[in-house]
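Labels run A, B, C and D following the written order; every chain starts at residue 1.
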């Protein structure tokens, strides 16, 4: 299924987890639980040692995954092994993509990712202006390249992104890095208005924590919601309390269901 | 983004989208105020660097070293800058720029604490609220600098994620900035990060070579044969080199921290050195493409050096480019050589250098034969901050020229 | 002995007979080299103070303080001198003079360690063996300065007699000198001691006011209304005042350490202050007649101040004379006021002053109304050396403007 | 007996002790023991808080005496009380002499000292050039003023001293401050030669420790010997070991005898 298709019928729920957090095996279970809970696509983080765009929650997930031995090659193995039938988006930082394989440049990794079953990329430290080589590799191997639109993105920069984006656009609902917040920002509507004419689905992320948030975001016009920290919190808590993988997986599935249902509840009533 | 943001393939603006507007606003401000001296910005900067910072700083002939090496050795005395290192050139420039931009708040990261103290001083001087992010581990290791920052009225925010060192502090500062770009300026500590930081920090630091180039001609009626500066991120380095880059007869040496060894432990992701120019590979870190210490996957390695201020896995993109062009020679000396050089300069010249600085003098000791008749070494900072480290590290080693501190062990007090 | 050795009734040469020839030899050298610039001595001194010391040093307008007091406040930035205080002006002058005199060895006493570090730096710079006498108690209290001296290659001789503080160190240094006058010069640390020391140290320190007088006229086209300097022995004080003494419209304020109280405990022989100009009586100490803290028998009292560098029972004879003449106003502020001023300057101006220096700013805070429109304050030194003391002393008090350091208590490390 | 008379018949032995070291009472005993041991005059130190001309040994004696409560007034009491029939010389620093009494200047103290029984003064931090007022007061009350001639004293300075000195001249046998030394310096003969034409007795001090030293010094031409540190050492040792006053007094007396006999042995054989 293509990325865009994941948004086709109804508001999409796109969860994020860091692959390998807190261990390779548990993480496989967690990702599968999200799919069971109703994920329409999954952003699967490939941990980088300097995650400058992440909030504390996801940063710590990345440290756990790295400490447990996650590497780009293990990640690809993970992608091949995980048993879900929704598209997987690789979320990582540019240096890992750039360094992979024998020759510098993104092509090797994109090829390997495509082979493993990745459908697209989100690269938070790669602005559209620097994205040429990655866009080309994605085109070559039929992958999507998602960009993040911030509340502050304007003018020429919006244009550059619009030209390059595919799959969906990641709309950052508020200023700051990732991290669950209790309030859904006013920025959402305004942000969506600025990209109303883009012909890709609009997924809104940053700070969505509950089904209620999800509902309000969708009601504000989003085609889907992206949720990271609220899920990573569950993984972290389970890890700290020594809960079993099954218990944590169940919690994730339940949270996923809540969020998906929230998104559905926000969907415009068919007229 | 204009092509000015790149140095060959290096540089660029690899930052989260949320920061791009801030980066663009800053680029605009850089071009107007710094490059075009709008509203007399650069005049005010220079004036404050004179009155508050103490510039111009001397270019001093090092009598004992000149004799020792049968070479005319000149010292550019950045150790005399207010705060004790070249760091204020940059910190004051950026805080002043923030003021011109109408920002109301300053944030910065710090590792060893030198950039944090310089920023806190500049912010106090210009009456700007200031918060410094510093890893918990670094806070414990660098307490005097923490107290200096607090004394200057800055908040020091302990960063408890990860290993609690510089990397995490940078991430945390970027995170703050991403939330607060509208009223806040992030004062980055070296010629690193996304454009315009590498160019802008270099321009502020270039006062060093602007003065030195004039001074050496006054003193010797000639240009030097070689110019040496230590290189961590590379800000004192670019500051010292900038005005000599066009002088093709002048050899430029960037002296990195060779640490305990140049080899790396891929398994642990640890490089026992910080020699990114000498041994690193191209990659993207903290907003810029540059030379990095990374493993074969592209994960950033932990670097190591006896000198905290050189202990960084990246380096300024312009330096990486100048090295590729063959204009700058990347060299390095190990911890032992740096410590010996620390003691040598202290004993022979009466100048206690920062451990960072000592690396440049270590290279001078080992290679003075190949440096020509006249050499300038940048004394990037003073070593008061390093005394504890030096005593400890000297105690673990068998150095020829280390003073005996043992009698003071018997006389009470905390420092040994 | 010429009448030049006296300032009114003060001064003179009250020293053991064994030292008289050394004192006469020094007087001769002082007259020839310093006063008459024989062999270009003063030219070399000035040149080295520029290249090695960093002179001239700025006269900076203090923007925040000027606004606070509605007074033009200018700072003479001796804190930027190499070593971190005005002390090098004197130390380098004397070590250089010793060299001209053919001496082969330098000795000096030190209390807080500032004069010792300056002398060790100057001796290393000029390649002279150097020994510093320092009381055992002071060694334990001032370890960073001890390490700086050792790092510069000086021997530090612990003095174990008596209470192991400055007084005993002076006696021990005089004892060494009496044994070794033929090849040794004793670098005294302030404008105290027998003639020619008070005049000679003043002349070396007078670079301060030589520059400041020109600078203030450049900046304001006028002379200042008042000049403030802290006074321990009085060397930064006389250095700051000297070139203004003839300017009768300029008021000169010597700010002493009021300590915890101006009253004295005759029983214990302890003065909880160091205000010898304000409260002392005429007497003879360490080679000169001057104003002293003494009991009614003439025994010297232990003085006290939160600032180690002001903690001396005597004061330079020339200052004592200028006070009697009404030319210099002796004033003082207490420990609390000095600590508050320390924090104020750090936070408002981004300059961490020495605790000694902070006294002058304490007086400015309390009496700015009476100081006229333009005031120069001598920033005699930087406060890095005082951080530990300040944190401790601030912790014991309830000061309005002290930064909260408590969170760092929880994060490991030795300094709290 | 005048000071000069103490040197009249035979080589004089002039010991030094700090009054009040380590206590008022013990010190009285010690001074009397020295007299019994053969002292011809005694230099009695009035402790000053900053004894810059003293070596460590005497400096510490002074600290002990001050800690035990010695003051100028107690000192005068001491002088009145001590039962010896040899002249006492007050050795102290100028500030104590200067400050004594109501009005500044040396006159009050000289008057009081004369009344108490002091015969003369040695003031190590008062060079002859500054000694005018003290010399005048001594003349007024009939006291002597002793000066110290150092190995380095020459030319005009010698002349100034020669004019002012009375009682005896204290010849410093070597450079340095006070302190017992094992070797008798070569300086002695040279120093004596320089003042051969002075018409006061020449007493040599600094570093004399044994009868043998004393003998050699007298043989070199001295009219007397001054011994301080070697005696103060005995007081210090007794104090540290907690020995009884009697035991220490006996040791002092014995040492005094040894030194006096040494001095006598060095005397030129009558021809």
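Note that in this section a residue touches a chain if its C-beta (ideal position, glycine included) is under 8 Å from a C-beta of that chain, and two chains touch if they have at least 3 such contacts.
These figures come from a predicted structure and were not determined experimentally.
Asks: Determine the groups of chains connected by touching when subunit B is not counted.
Replies: A | C, D
Asks: What is the distance in Å between the mean C-alpha positions of subunit B and subunit D?
Replies: 65
Asks: When the C-alpha atoms of subunit B and subunit C are each averaged to a single point, how far apart are the two points in Å?
Replies: Distance between chain centres: 33 Å.
Asks: Any idea how many Å lie between the Cα centroids of subunit A and subunit B?
Replies: 37
Asks: Taking each chain's centre as the mean of its CA atoms, how far is subunit A from subunit D in angstrom?
Replies: Using C-alpha averages as centres, the distance is 95 Å.
Asks: Once you've mapped the touching chain pairs, tell me: line, ring, star, complete or other?
Replies: If you draw each chain as a dot and join those that touch, you get an open line.
Asks: Which pairs of chains touch each other in this structure?
Replies: Result of the pairwise touch check is A-B, B-C, C-D.
Asks: Where on subunit B is subunit C touching in the complex?
Replies: 50-52, 54, 57-61, 63-64, 77, 79-80, 82, 84, 120-127, 136, 139-141, 143-144, 146-148, 150-153, 156, 158, 343, 346-352, 383-384, 387, 390-391, 403-405, 407-408, 411-416
Asks: Hey, which residues of subunit C end up touching subunit D in the complex?
Replies: Those residues of subunit C that touch subunit D are 1, 12-18, 20-22, 24, 161-162, 167, 170-171, 174-175, 178-182, 269, 281-287, 292, 294, 296-300.
Asks: What residues of subunit D sit close enough to touch subunit C in their complex?
Replies: 48-56, 59-60, 63, 66, 71-73, 93-100, 104, 124-127, 129-130, 147-154, 157, 172, 175-177
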